[in-house]
Every structure is written in C-alpha cells, then in structure tokens.
Amino acid sequence: MNKFLGNKTAILLFILPALLLYTVMVFYPIVQTFFRSMYEWDGLSEGTFIWFDNYTRLFQDSLFFTSVKNGLIFAVIITVTQIGIGSILAFAVADAKFKGRKLLRISFFIPVVLSITVVCQLWLSIYNGEYGLINKIFEMIGLEYKQDWLSSSKSAIVAIAFVNAWQYMGYHFALLLAGVKSVPEQYMEAARIDGATKLQAILKINIPMMAETYKFCLVFAITGGLNAFANMYIMTSGGPGTSTYTLTYLMYRSAFRVGEFGYGSAAAAILVIECLIATLIINRLIARERISY
Amino acid sequence: MTWMMKLRKSNPGMPIFLWLYAILSVYPLVWMIFYSLKNNDEIFVTNPFGPPMHLRFENYVEAWSKYNVPVYFMNSLLVAVATVAGAILLAVMFSYAAARLRWRFSKIAHTYILVGMFIPIQVIMIPLAILVRDLNLANTYGALIIPYIAFNISFASMVFYGFFRSIPIEMEESACIDGASIYRTFFSIMLPIIKPALATMVIFIFLNSWNEFTMAVILITKESLKTLPLGLLFFQGQFTTDWGAMGAAMTIASLPTVLIYILFSEQVENALTVGSAVKG
Amino acid sequence: MKKMAIFIMSLCLVFVAACGSGGNNEAANNKATDEGNKETATNAAPEETKAEEAKPVKLRIYAQYADDDTKLPYDYAVAELKKEMPNVELELEVQAQDDGQKLKTYAATGNLPDIFQAGLDIITTFKKSGNILELDSYVDELGFRDKMYPSTMNTLVADDGHTYAFPYAGNEFVLLYYNKELFEQNNVKVPTTYDELMTAVKAFNAAGITPMSLFAKEKWPTVALFDMFVTRNEPQGILKLDKGEASASDPAYKEAADKIIELVKAGMLPKGATNLNYDQAAALFHQGKAAMFLNGQWEIAESTKQLGEKAGWMYFPGKDAANYEASKYAFSGGGGPGGYAVNPDTKDKDVAAKVAAFLSLKYAEYKYTERGNPLVSTKVDKAIVTEYPPMMKQLSDDIAKITSTTSFAWGLSDAKFKAAIEDASQSLMTGAYSSEQFIEDVNKAIPAAK
C-alpha cells in the first residue's frame, strides 16, 4: 500500500504543474511584496531599503488598528452568517422529498452569479438614508427608527459585511450541499433505524462527517473577510472618513492614493500573516485523523 | 420516510423561510433588469425598487453602441472555459497527491498553495503585470488565462483536498489489490467520487473568471481581447455616471451566466446524484 | 468511468485549443493591422508629394472618455487633429476611475501609452521615476506660452519650473449654488453670515427641504466645503496646510471644523450624505428638494439646464457682515499643472508632443465655444457658439476681482496630506467627529514646512 500511495513519479506528475504555475504567478509576487515591505518605495522609482521602519510606523498608525479591527468584524460576520444560513439551507434542500428543491437551489445561488457591482449598487439603494428600502419599511410599520446605515461610522462596517455575507452565502450553500451529498446514504439510514430525529441525525452524523467541508468553508470565509476590499471600494470608499478601512483598503490607499508602495506592502504582509495564523488555528481546532469508516 | 414527513408537518416555518429567502435571492436579478431600463433619476430618487415607468431600451442601444459586445462576449467565454479547464485539472491533480498520496512534504505543500488565498490581488498587481510582460503573455489570451488559472488553484485545491480527505482509505486499498495503477485509481475511482465537488467548482471558477475585473482592466489593453466586465469603463466618468446604460451593460454581462447556470444546473444535479450513487 | 477520463481529456483539449487559438487570433489580428497599415500607406501615397514627413503614425492615448463633458471635447479634438495631421491615428484607451492604478502599472511594466492625461499626482510620481517627458523645449518650439493667459501659467508650469503636460482645463472654482425660488417661497434670506446660514438651515428643515446637498461619497467636495469656511479667515485655505505652513489647530481651521460640525448637527446635509454620489446629490438640487448645492463651476451648465433662472450662486457667508465683505472674493478651488502628457519612451517624441499640444488646445477650444465654460487655460480665438448662462456671466465678471484662490483636493501636492484631509473632512460630515479628532488626524499628515 505504501508503495502504491508513495509512487514518486505519480506524485511529481500530479503536483508539479500546479506548483510550478502557482509559484511563478502567485507566490513569487507575494515574496516580492514581503521584500518590498522593507523599502521606502513609490512603486516606480528605485526605492531605499529601510529594514522594518514600515512595520514600526504601521504599529503606530491608528488607521492600521482600525483596519485590523474592521477585518475581524467583517470576518466574524460573514463566517457566522454564511456558514450558519448556508448549513440550514443546504440541509433543507438536500432532503430529496422537498418540493421545489431544484428551484430553491437555483435561487439561492443567483446573488453569486451577479457581479459584485450590481449587488453593491442594490444595497446602496436599500441602505439609502432618504429613499432606502429599510427606512421605508420602518416608516410603514410606524417606527421612527430611521438610520443612516452606511453614514454612521459605527454601523457602516456591519452593513457592508452583511452585503458580502448575503451575496456569497451561495458559495457556502453549494459547497455544503456537495458535502452533504458526499455523506453515504447508509449512515443516515442507520440513524433513521435508530429512531433519531432529522435534527439529531444532522448534528450527530452529517456535521461530524463533514468536518473537512466545514474546515475549508471556515478558511474561505475568514480569509475572505480579512481580505475584504471590493465591497468597501464600491460602497463607501473606506468612509465615512476612515471607518470602513480594512488592511487591503489601507494597502490600496497607501500604494495608489498616497504613493507609499512599501508601506502598503507592509500592511499586505501583515494581512498574509494574519490569514496564515487564522488558517493554522482552524486546522488545529478541527484536527482530525484521516477518516476511517 | 414518514419521520421526515412528520418533521415537515410539525415545522411549517422552514419552507416559508426557504421560499422567502429564495425571493430575497432572486430579487437582485429582477432589480438589475429594472435598473437597466431606467434613467438616473428613477434609479436614485423617484423609483429605486419598482419596475421602470417607461422602458428605456435606449440604454441597451447605448451600451451596445459603446463597445463590441459579441467580441467581448466571446473573449469572456473563451477565457472562462480555458480557466475552468486548466484550474480544475491542475488543482484536482495536486490536491489528490496532497491529500491521499504519501510523501514527506504533503502538508507543507498544501499550506503553501493555500497562501494564494490570503493575498488580495491589488497588492501584487504590479509584480504580476511585470511577469505577464516578461513571459511574453502581454496582449494574448494567455495574459488573462494563465494568471486566472494560477489564482484559482489555491481555492480549488483547498476544496478538492477537503473532499479527497473524506474518502475512506479502503477505496484505494481495494483498487491496489485489484492491481489497478495509481493513475487508473485516480481517474476511475477517485474522480467520480468527488464529482459533486468537481461540478460545484466548475461553476465557481467559471463565475470567478467571468466576473473578474481588477486583473482584466490592467492586463488587457487590446480591444480585440477585452472581456465583458471591461465594458463598464465606458460609463463611469470622473463625476457622473450613466447608471442606466451601465445597468444595461451589467445585464448584458450577467444574464448569459444566469441562463447558463439555470440550464446547466440540471446537469450539475445529475452529476451530484451519479456521484453519490457510486459511493452507495 | 471512462466517461470521466474522456471528460478530463476533453477539458485539457479545450484548454490547449484555447491557448492555441489565442495565439492564432493574435497572428490574425497582426495580419489585419498590417493590411490596414498597407491600405493607409497606399491611400496616403498620393499625398506624400505634398507633405513629405506625413508617414502614418499610430499613437496610443489614455484619456477620460465617459460623459458628454469628456467625450464631446475629445471627439472634437480628434476630428480637428485628423484635418491638421491626417497621418496620425489615435488609439484611445478609456481611463479607468482607479486612482491611477492602471496608469502606474503601465509605467511599471514599460507599457505606458504614448500620450496620457496626467494630474498633479501622476506628474509628481512619474517625474521621480522618469516616466513623463519634460516638455519645456516643445513649449518653446510650439509657442505654447503665447497661447496661455498670464493667470493660467500655473497650469502649464509645475512648481519646479518645468512643463510636464499641456493643460486643457483652466483654474476652476468651487461655487455654492442655490435655488432662488426655494429661498423666496420659504421667506429665507440668502445667508451672508454664519448665523444667517444657521437660520436658513433651520427654516428649510422645518419646511421639509434639504438645506444643502453635497455628494460627500466623493471626498473632495467635503474638503471644498471645509476650505470655504477656512478661506473666510485664511485666504490660502487648505493650501497653507499642504505646504506645511499652518497647523490644523490654528483658529481659522479649528473654527471651520467646529462650524461645520454645528451645522451638520443642525441638519444642513441630506441623510446619508457621505454615501451620495454626484447623480444623487445633484438630483436633490435639480428637483427643488435641496436649497443649496456645492460643486465646481462646471456645474453651471447642468444647473441652468435643470433649473433655468431659478438657479444662482452666492458668495460664501462670513463670520459677520464685515467678514463677509472682506472675504467675498477669496474663492475656493484653483488649478494646477495637468493635462496631456507624453511618454518619454515614445517612438517619435516630436510627433507625440505636437499631438498632445494640439489636442489640449482643441479640447479647451470646444469647452469654451460649445460647453459654455470659459475657464480654460489657453486663449481661444473662435466665437462662442453656446452663449454663457447668466451664472457664468456673473462669474466671468468677477474673475478680475478675485483676490485669492486655493486648491481642489486633487490639486494638493502632498499625497499623504491629501489622503488625510479627504478622510478627515468626510468624517466631519457625519457630525459624530469632534474638531479635536479632526485636528489630530490632519496634523499627523501635515508635511514639514519646505
């Protein structure tokens, strides 16, 4: 068996194409980012090597802490809602007897198919303080709870995170659905015979069996949240003021608006490290030996 | 099956929630089409959410006249199909080796590939553009296809890795005893098992590539190679934007994918059932 | 099982085919251009006797081309160029609204277009890295200096005394527009002092009208509003901070911040102002739902079209009547170096520079004659086709009286300060930001005095 699974030629054949392309196109630029984070550099001219000065500056910059905090808020919100709602929807739709499940499945995925620009424009209208849908609904039910959802420095980041959570829930739904489908039917059958309710079966059998699925959903959601950029770029440009900055946005601002590419690279380097730590923690928490049935 | 029926009856809230959520999910599609038939005033002030009062088809005429929609469309399709093919192939091979085969650095290699998900594309745009130039890819389809494949490998590998890890080891053991080669085991036994994941990732990567804007806007300068999202550039001014025509351009870009998805999802559904049947 | 293998195989084939066809198309395209060139060459052949240097030249140009304000002048300039230099063919790339990300990446990869529109930000960065051609010799050769007004020289010559771009826009101003009818109907006096402004804000709010519309999603209008308050006491406004000659804690700046916070808290701006784009904020004003509106003088054309005689612009209110009179002509806004720039690595610098200069002149000419915008840098000897609206007449009558101007946010020379003042000014518009925070955030970024 070891010989079978340790076939050197096969291993090389399988991994080399991906590793090669990835190393050249993705990893090499990342290395350059780390390298450039130790430069005072505008992105075009020569630049000067300044060791860790960019990092020292970063840790004294209140904007950096705002950005890190917002990234964490964003990550937590999208992780909880996407995986939470995604699981509920996936388990419900996986039930073969459910009427209209095909239609539901297609519907849940539609926001993902649309471009992020469309979805952000829609939510800008929904959140709008004057003509927005949410405020109109409050008005209709007679509540005097009008909010400037995106203009208050406290609620803006939550409001934006929700848009992302809502749009990309479909991804998690589809991944979890594929995960549910991969759990062999006989286990559910056995649970049924034991007289377990559906909920019990899901909690005791599906979810543990889907540990690997949940693992990559978590990594996907958390790193996606820490990386968030497009939503704030389109919806608030980081505003009001600096209240919806994330590390990526800080990098973008430093590199392109301020012309401090080296400083921006330092912010990006921290981001990569942050994501790496998050991933390692997830892997530790859901550490499981290779499943044997 | 009766216990499920019971559950259904005892819990009517669930279907209601599901259908409400479905409506909430489909609304943006409808909204986008409405939007594409309105003018700025209607979009922002008088009627942001309802159907348009006049159908302004001139938005489509405007959008269509601005750029060569069929050419952009074909480019998008070509790039997306090539990206899907390349990324799926490379990722599935890599993740199989990382998840199932026995070699020393498999864990490290897996984490190494994951790092690609941690870096926002804006950060590495300039080094990437320089690479594209140095590899003589500039102004070819490869300028998009190659980076798109590279950037989709991380996510796809992570998903495939997860699925491969969930497969019991007995699968390979029996194949080994039957005298099948590792390649045959991979193609004839492992791949069919992860078909649900394959089908899902085909759609994901297709969409990623189809909607990608950040790289396309910088890496493609030649008119004959531009993809659909770049059409939006023609409507965004420094101060004002022709939102209606932009809506039309977005609809032109998105509607085909929605249609393809609706038509194709039947196939995906089949793939899913076949996949679990093999398992059972 | 075979099916799967075939599926994978076919995926590979598609992939190979796609890359292959990429190459093929490329070749086909090149062929097409070659043929195209041949055609132009043969067409041009009879003319060659007339003008010997007229070999066909193809130039890449990166320019704004999105709305009437940028499309029409560009199209006109290109049409004129066809008449003047028929051998030059321009290949336009539409400018992305991306803070110069695309242009900077072009520069980094050595793929810069032959001609590109450059603002101060691009000039400053490219100057350092040698990505922009110094145009001094062409200014002399083409006699461009004679085509400028003395007052607009600042748009041609940068701080270091050199020229990097041929300007097509002049010095522009921030104006506070108002709807005369709304003021009359609601018996509100057009404010001349801060107190009257506060009275107006309260009166309009009571009448259900938004006092002042502002597209604060873009950050520069918020900087402009702040600058207008500052210039009542410090005519150099934000420009003085940009040069590092003042501190945000100086009274003129602190008072301006305090005043804005007070007015915002009283409801001066529409709900969610920091999320309004131009189209939304302008709609409020144009539809008579907002009494005042802040924008550059280029808004005159649109407001006149929408509101006709009802629209006007006012001098900015002062601290008191004396201050109002004293600072009446201290305008906010201004101009700076910018326009069509040339790639130093372009094949034929002379042609590119000549084309850039010609385009900027014609671009400005169209704005002057057809777009009702006399505030261009270069002299136009053609008659005006579209007559100035009254608001523009009022402004052009005042131009000689203007005592000082400042700068738009995009004209600030220190990029770090610019980003900081933009973020801080936008925060002021939320009302939940104290002047102390404002001073702290801005002062951090003020450069050391030069």
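For clarity, chains are labelled A, B and C in written order, and residue numbers in each chain start from 1.
Operating definition for what follows: a contact is a pair of C-beta atoms (placed from the backbone, for glycine too) under 8 Å apart; a residue touches a chain by one contact, two chains touch by 3 or more.
Computed from a predicted model, the values in this text were never measured in an experiment.
Looking at chain B and chain C, the chains that touch each of them are A. Contact analysis places A-B first among chain pairs (by count of C-beta pairs in contact). Centroids of chain A and chain C (each the mean of its C-alpha atoms) stand 36 Å apart. If you average the CA atoms of chain A and of chain B, the two centres end up 15 Å from each other. Contact of a single residue of chain B with at least two other chains is seen at positions 44-45, 122, 126, 243. Within chain A, contacts with two or more other chains are made by residues 43, 128, 252. Annotation for chain C: residues 98, 101, 104, 108, 218, 280 touch two or more other chains. On the side of chain C, the complex with chain B involves touching residues 1-2, 4-5, 8, 11-12, 14-15, 18-19, 21-23, 25-26, 29, 60, 64-67, 69-70, 93-94, 96-98, 101-102, 104-105, 108-111, 218, 277-280, 283-284, 287.
By the touch criterion given at the top, residues 98-101, 104, 107-108, 121, 124-126, 128-131, 216-219, 270-275, 280, 415-416, 418-419, 423-424, 426-427, 429-430, 432-433 of chain C touch chain A in their complex.
Interface of chain A with chain B (complex): residues 1-2, 4-8, 10-11, 13-15, 17-19, 21-22, 24-30, 32-33, 43, 85, 89, 92-93, 95, 97-98, 100, 102-119, 121-122, 125, 128, 131, 133, 170-171, 174-175, 177-179, 181-182, 184-186, 192, 197-198, 209-210, 212-213, 215-216, 219-220, 223, 226-227, 229, 248, 251-252, 255, 261, 264-265, 268, 271-272, 275-276, 279-280, 290-293.
Those residues of chain A lying in contact with chain C across their complex are 42-45, 124, 127-130, 132, 146, 148-153, 235-243, 252-253, 256-260.
Interface residues of chain B facing chain A in the complex, by the touch rule stated above, are 1, 3-5, 7-8, 14-15, 18-19, 21-23, 25-26, 28-29, 31-32, 35, 43-45, 48-49, 90-91, 93-94, 96-98, 100-103, 109, 111-120, 122-124, 126-128, 131, 146-147, 149-151, 153-155, 157-159, 161-163, 165-166, 168-170, 172-173, 176, 182-183, 186, 193-194, 196-197, 199-200, 203-204, 207, 211, 213, 229, 232, 243, 250, 253-254, 257-258, 261-262, 265-266, 269, 272, 275-276, 279-280.
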